[in-house]
Amino acid sequence: MNDSKPSPRFLLINPFRLPAGSRFIHRPVEGPKEIQLVNYGDVEHVLADVDWDLHPGPLTRHGDWSATNREEFAYVAADRLQIVRDACASGKYDAIVLLGGAEPGFQDAREIGKSFGIPVTGCAFSQMHIASMLGDRFSVIDLYEAHAKYFANIVVQHRFAERCASIRNIEYPLPRPGVEDRFPVGLQREKALAGEPSEMLETCVREAVAAIEDDGAEVLIFGCSATYWLRPFLQRRLNELGWDVPVLEGQSAAIQLAKLLVGLALNASGLTFPSSRPVKTRRRILP
Amino acid sequence: MNDSKPSPRFLLINPFRLPAGSRFIHRPVEGPKEIQLVNYGDVEHVLADVDWDLHPGPLTRHGDWSATNREEFAYVAADRLQIVRDACASGKYDAIVLLGGAEPGFQDAREIGKSFGIPVTGCAFSQMHIASMLGDRFSVIDLYEAHAKYFANIVVQHRFAERCASIRNIEYPLPRPGVEDRFPVGLQREKALAGEPSEMLETCVREAVAAIEDDGAEVLIFGCSATYWLRPFLQRRLNELGWDVPVLEGQSAAIQLAKLLVGLALNASGLTFPSSRPVKTRRRILP
Amino acid sequence: MNDSKPSPRFLLINPFRLPAGSRFIHRPVEGPKEIQLVNYGDVEHVLADVDWDLHPGPLTRHGDWSATNREEFAYVAADRLQIVRDACASGKYDAIVLLGGAEPGFQDAREIGKSFGIPVTGCAFSQMHIASMLGDRFSVIDLYEAHAKYFANIVVQHRFAERCASIRNIEYPLPRPGVEDRFPVGLQREKALAGEPSEMLETCVREAVAAIEDDGAEVLIFGCSATYWLRPFLQRRLNELGWDVPVLEGQSAAIQLAKLLVGLALNASGLTFPSSRPVKTRRRILP
Amino acid sequence: MNDSKPSPRFLLINPFRLPAGSRFIHRPVEGPKEIQLVNYGDVEHVLADVDWDLHPGPLTRHGDWSATNREEFAYVAADRLQIVRDACASGKYDAIVLLGGAEPGFQDAREIGKSFGIPVTGCAFSQMHIASMLGDRFSVIDLYEAHAKYFANIVVQHRFAERCASIRNIEYPLPRPGVEDRFPVGLQREKALAGEPSEMLETCVREAVAAIEDDGAEVLIFGCSATYWLRPFLQRRLNELGWDVPVLEGQSAAIQLAKLLVGLALNASGLTFPSSRPVKTRRRILP
Amino acid sequence: MNDSKPSPRFLLINPFRLPAGSRFIHRPVEGPKEIQLVNYGDVEHVLADVDWDLHPGPLTRHGDWSATNREEFAYVAADRLQIVRDACASGKYDAIVLLGGAEPGFQDAREIGKSFGIPVTGCAFSQMHIASMLGDRFSVIDLYEAHAKYFANIVVQHRFAERCASIRNIEYPLPRPGVEDRFPVGLQREKALAGEPSEMLETCVREAVAAIEDDGAEVLIFGCSATYWLRPFLQRRLNELGWDVPVLEGQSAAIQLAKLLVGLALNASGLTFPSSRPVKTRRRILP
Amino acid sequence: MNDSKPSPRFLLINPFRLPAGSRFIHRPVEGPKEIQLVNYGDVEHVLADVDWDLHPGPLTRHGDWSATNREEFAYVAADRLQIVRDACASGKYDAIVLLGGAEPGFQDAREIGKSFGIPVTGCAFSQMHIASMLGDRFSVIDLYEAHAKYFANIVVQHRFAERCASIRNIEYPLPRPGVEDRFPVGLQREKALAGEPSEMLETCVREAVAAIEDDGAEVLIFGCSATYWLRPFLQRRLNELGWDVPVLEGQSAAIQLAKLLVGLALNASGLTFPSSRPVKTRRRILP
């Protein structure tokens, strides 16, 4: 390897940050970047040749619980855009990686990145693109119905409707006022790591098999980032069942896509994200 | 008519409001609702049997110019949602009509409306639905490329890509820092009203004819609301040319659609906008 | 409300009329319009501000039973067109509402209406358009397979194939020579009204749930008009099961759509229904 | 060849017949079948191994001019169905070939044919199917806009929208009250046969080339049967221009398709045209 | 019938030939053409008026077992092309019929045929085209998963994805090193002929019914040619179950399609298979 | 950067090799890999961190000219597969990169790679995937019509038809017997490098602008690899014209995609390329 080639500089930005004392916190909001980046162990290898920072994301203003519906996503989307703008303006980064499964504000962030010549990748976008390289159709495993439906809109927006076999909902809603946390994700993960039965993993396997057998999925990806930890577990279980099907997760996908784009010096087409002051314009745009 | 039936109560909400002293103001931001509602004369007849209020929309926080790109739309979308939430919670309205061509935050507002049992309509959504009742394909006349491309995404999001023949861009960008106002919309309208040649109207006619002859449009609608005033002029001009094609504009469309929904006591499916606390959930969602 | 605004004048036309003595009669063919209009109670509220007449439809010439296949629909379609033409020519109506689920002759009637500047709405067309305003996909509950397949063709013709999740057949065929009436619709309705188990309603609920869970339906509409009475019953049952999904029926949909069009002074594009003596013609038409 | 194999027996049925004295007659309505079948010379070779009869079609009841709009097609469709039913019931035919470009009543006639086990072919249907065997997209040359738009609906109904590059309208409307016959088709054909310039042929060549170069057509077919005579002329002209593109016409296509189906003892699926008394029914039909 | 009309001359070419001593042989590789053409009895009637030869196909070079994956199909495709070229150049044939279900090299062979003015038909292509004449959607019964997936690609390549309801895999893989022949096809057929239970037929019936009830199939066709013998058995069984659905097989379909094309003097569009030395070229090709 | 991480080992394989003395040679067939890899300078930066070998590809057996039609592509496809198999079996490579624009045998090579757990990328596939990350639609610039049409089939096969705005043909056919080399590609390139007018570049610019303005392209890619050298020239020219649109070429795209896959330890889904001895199989495959 050409060791004179410098590592690309990435900023990873969480979708939002809960206030420190919130009883709804489900991922670390303090500590070194390797702690704040959930499932760090699963992406460590793809970050090995990256010079990266982590931004904890905007503090939620809708309350002290995770954003889980359209309204709340709209708030965190707007607030994260300002972080993206500042990061691009700082000149410190070659690419921005938006963390979080639902990609709030992703397309808007790409517009900002485009104006600075900096690629921005998101976890849903990247999983869909990579999944489409591997098989003819993918299915999404998602955490709860409102997220799954929101994700369905992202699939349409990213023009992957023909590639998406289904979105399979395992219905483990994130806690919020009025919604208790029956199966805390962290606990589920600990059980799975300990080799104990995890309800969440079992449901995930059941839905993944249904996606393969009933919906025509040939690749599996994840929706809400709170499901990403399931990737290695689901991959192993499917292989054990005899299903030779790749399972992706969003963070490594978004990091790898950012590397690919940086390596080709690409970000996005100026026709897809027209400048507010374009040099040349089209008379006719197609939907 | 059964005069014991009360008129429906609608709140019309502008997408944003520029600060009072801005040099970029292009529609009245003070005065009675009939003044603040642009092109009031064109929608007066459909408001005749409605009990309506007008909200001027959120004050822009990105600057003192109109929102014209994705980033700015994201900011006004988030801020308008709080107005929608308050209006729904007030119990004073049977429907919310979101003004403005690009519908920032429309789908999110529908989610809020759904949770209160109140329909929310938008001008792009309503024009597309009504256009589809009249002909097999519609084209959109839009004001400048960045808006046209944003609108293209709305078309896809509303799943009208197969119905949309094209988006025709007349490239009369709204003024903003760095973009001067070569052809102020207000002046163009005055010229057209006075029967003088209006560059904007002429471009609009040329693109509408191209949409009909080259793209297969059978109905015409408008993108940015700053083009809505063109509707009666374009309709007349096309008829004079021999083209028997309906031309819609967004405000009357959104008001009529709201009436239709209120009359049927409908707002939106709970499966399309799932509650944060749903009673019943699906295992499988399709994109 | 502006009480000087006159009520719109509508003519509602039944698809056909069985001869008075027929043993296959399943809806009143005599009496005041409120009696001849089936399920009047379900549409009374949307007719409250309409000045309406009812035409009983053409007398069947294929026999004394209901039209239930393509051949018979073609006969009643042709015969109803003459009623439409006469109604348009009379100058007495602002809109024509074609009753009946399968819309025989609907597109042809729109052509006639267009030539008089009068909108014509149909029950399948209207339900599909309104359903698409409420959710991403709708399913159709239909009465028997031949009707369901005929309806499938209407869905394609109206270019709603991408929006239609499925047509669910409950297989309660209308009686005709050789097909006995095992479960008379009228009797089924009486049972349902009396709170007794109705086989037809139970099948309808089962298929509606399958449409939601298996096919991806987010809105439900009806095919054959002999199923329209089920709307309020199905709506209640689905809600009781926890499914927050709108259920439409054709008559109120077609009446509301007619009002919307009359309010906007629209009927249909002259490019979609070209005149036999057009002023301007296109070189290129797209399918 | 196995000469013990009997020739298949076909009935060819014209779409309608004008009354004998009409000034709008544009094809022979008397004389032997070879005279009444227009362009007999162009199909003689495919009829060589067929035992065929010709039915002149139903007498028009809308007036003494050709059916040229939706309303008139609906009348002749209904009236031709009775001829189809009688022909099937006679036991004299192995297949029915519906002549005429717009196929009024074709799908309904197939339903009748299906109930007798007899295939029914039409000229639009057959051209589209054969064109799809030859190239990836076809364009249609049609006679006037109302026909072209009607044909567009047939393309959709037959589910060939993705295969149809365009319908190219040469705008030579058939004469009717109020529409004079500026370029009588018969005269145009005589000119072409005499090697003189024919306006109709020139327009046809221009539109065919546009279909190839601009629309992506790889095969050409015809809409209204009054254009069928153009086939050999257009084929030659395109070849002379260097375009190696097949040109079809409807009558030979419909006859050959009927032979193919008779040879395989096929007519239509009973699931596509369900019987009024089906043995087995489906719960779920897709659009 | 005009007995002076000569019979068309066809060459039928098997996809490959196993070496004489192979233990994997599953169809005769010696003897008269009626013996080497599998299921001759099922196609005898469509060959009655054809003057035909049979070519045994290229000897396999990948080994002494049947080609069953992409790599092996690529080898036999290349080798069969040379047979096609020689046959076309010989001037002895009016059409080439490629036998075998997966059509290796079919599109390439059409290019060769086009350059000689000779139509080439294949069994998958022909079945799909004819199935589309009979119903709105077809399903494919295929022999094992790798073939089914290969066939899925053919469906896409032939642009029938919208018409294809599903490919149903019965998983009876052809024997090859490492894959034993648990249910020899020949034995299964003998059992079926003897009226004894055949596992293969039972699985086929089960999957065909699932295709009808669950997938929306209205016509059934076959994938791998080793399933073609099932056609009459499956047709009878489905009819006995009450399903009035046509079942096709590839050889008769390909022969009939060849006759249709020869009868119309057609082969393929020169725009679909451009010459290496075209006279005229397009600037713009559509996918 | 983690310099203990070894560079990935790639084998780049040319599509074919002309015999040494051929008068049709248009790229070096001898010398070090940097010479034999055409346009090495354009891909040097993406190969900097790769440990790569180059295979010259199979010797053509159809003649001593480049493969330019379907038949010839089928021959070189089959012959290159054996090189792929040997390379995979050697254990020396982490990925295989197939050079050449038309990707002969690419899908078949992926099947082989899958069986060894090694990703295989191709230049058309990779360009399409990356283009789809950058904009909503891409157009392809191709060298001559037969290649463009072949490429159109690849677009369909890779399921990018909805993303592909057009394939623009500049018609500079590669020389072969009967086709002289009017504009040798090498000479065109030299002219362009020298800043002199190059007919090929001018045509390329004209077609690229047409793709943007008329077809809706937002990204540009190349078809035949003999056009790849145009990338930097076209990019500059479009930028100078004011079009901010990314232009890709195949070799760097295929190399970067291979890196992305290797970095994620992915190759292809076992359901998309089923093994000849699968552990688990599906009953139902979708097209």
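Lettered A, B, C, D, E and F in written order, each chain numbered from 1.
Simple rule for what comes next: a residue touches a chain if its C-beta (ideal position, glycine included) is under 8 Å from a C-beta of that chain, and two chains touch if they have at least 3 such contacts.
Keep in mind that this is a model prediction, so the values were computed, not measured.
Participant: Averaged over CA atoms, how far is the centre of chain B from the centre of chain D? Could you give it in whole Å?
Facilitator: 45
Participant: Taking each chain's centre as its mean C-alpha position, how far apart are chain A and chain F in Å?
Facilitator: Their C-alpha centroids are separated by 30 Å.
Participant: Two-or-more-chain contact residues of chain C, please, as numbers and ranges.
Facilitator: Counting only residues that touch two or more other chains, chain C contributes 136, 152, 159, 271-272, 275, 278, 282-286.
Participant: Taking touching chains as linked, do they make an open path (line), a single closed cycle (ring), a hub with spokes (star), an all-linked set (complete), or other?
Facilitator: ring
Participant: Start at chain A, step over to chain F, and keep going round the ring; give me the chains in the order you meet them.
Facilitator: A, F, E, D, C, B
Participant: List the residues on chain C that touch chain D in their complex, please.
Facilitator: 68-71, 73-75, 77-78, 81, 85, 105, 107-108, 111-112, 142, 144-146, 148-149, 151-153, 155-157, 159-161, 164, 166-169, 171, 173, 176, 178-179, 207, 210, 215, 271-278, 281-287
Participant: For chain A, which residues are in contact with chain F within the complex?
Facilitator: Residue list for chain A touching chain F: 1-3, 5-7, 45-46, 48-49, 125, 129-130, 132-137, 159, 162-163, 165, 212-214, 216-219, 241-246, 248, 252-253, 256-257, 259-261, 263-264, 266-272, 275, 278-280, 282-286.
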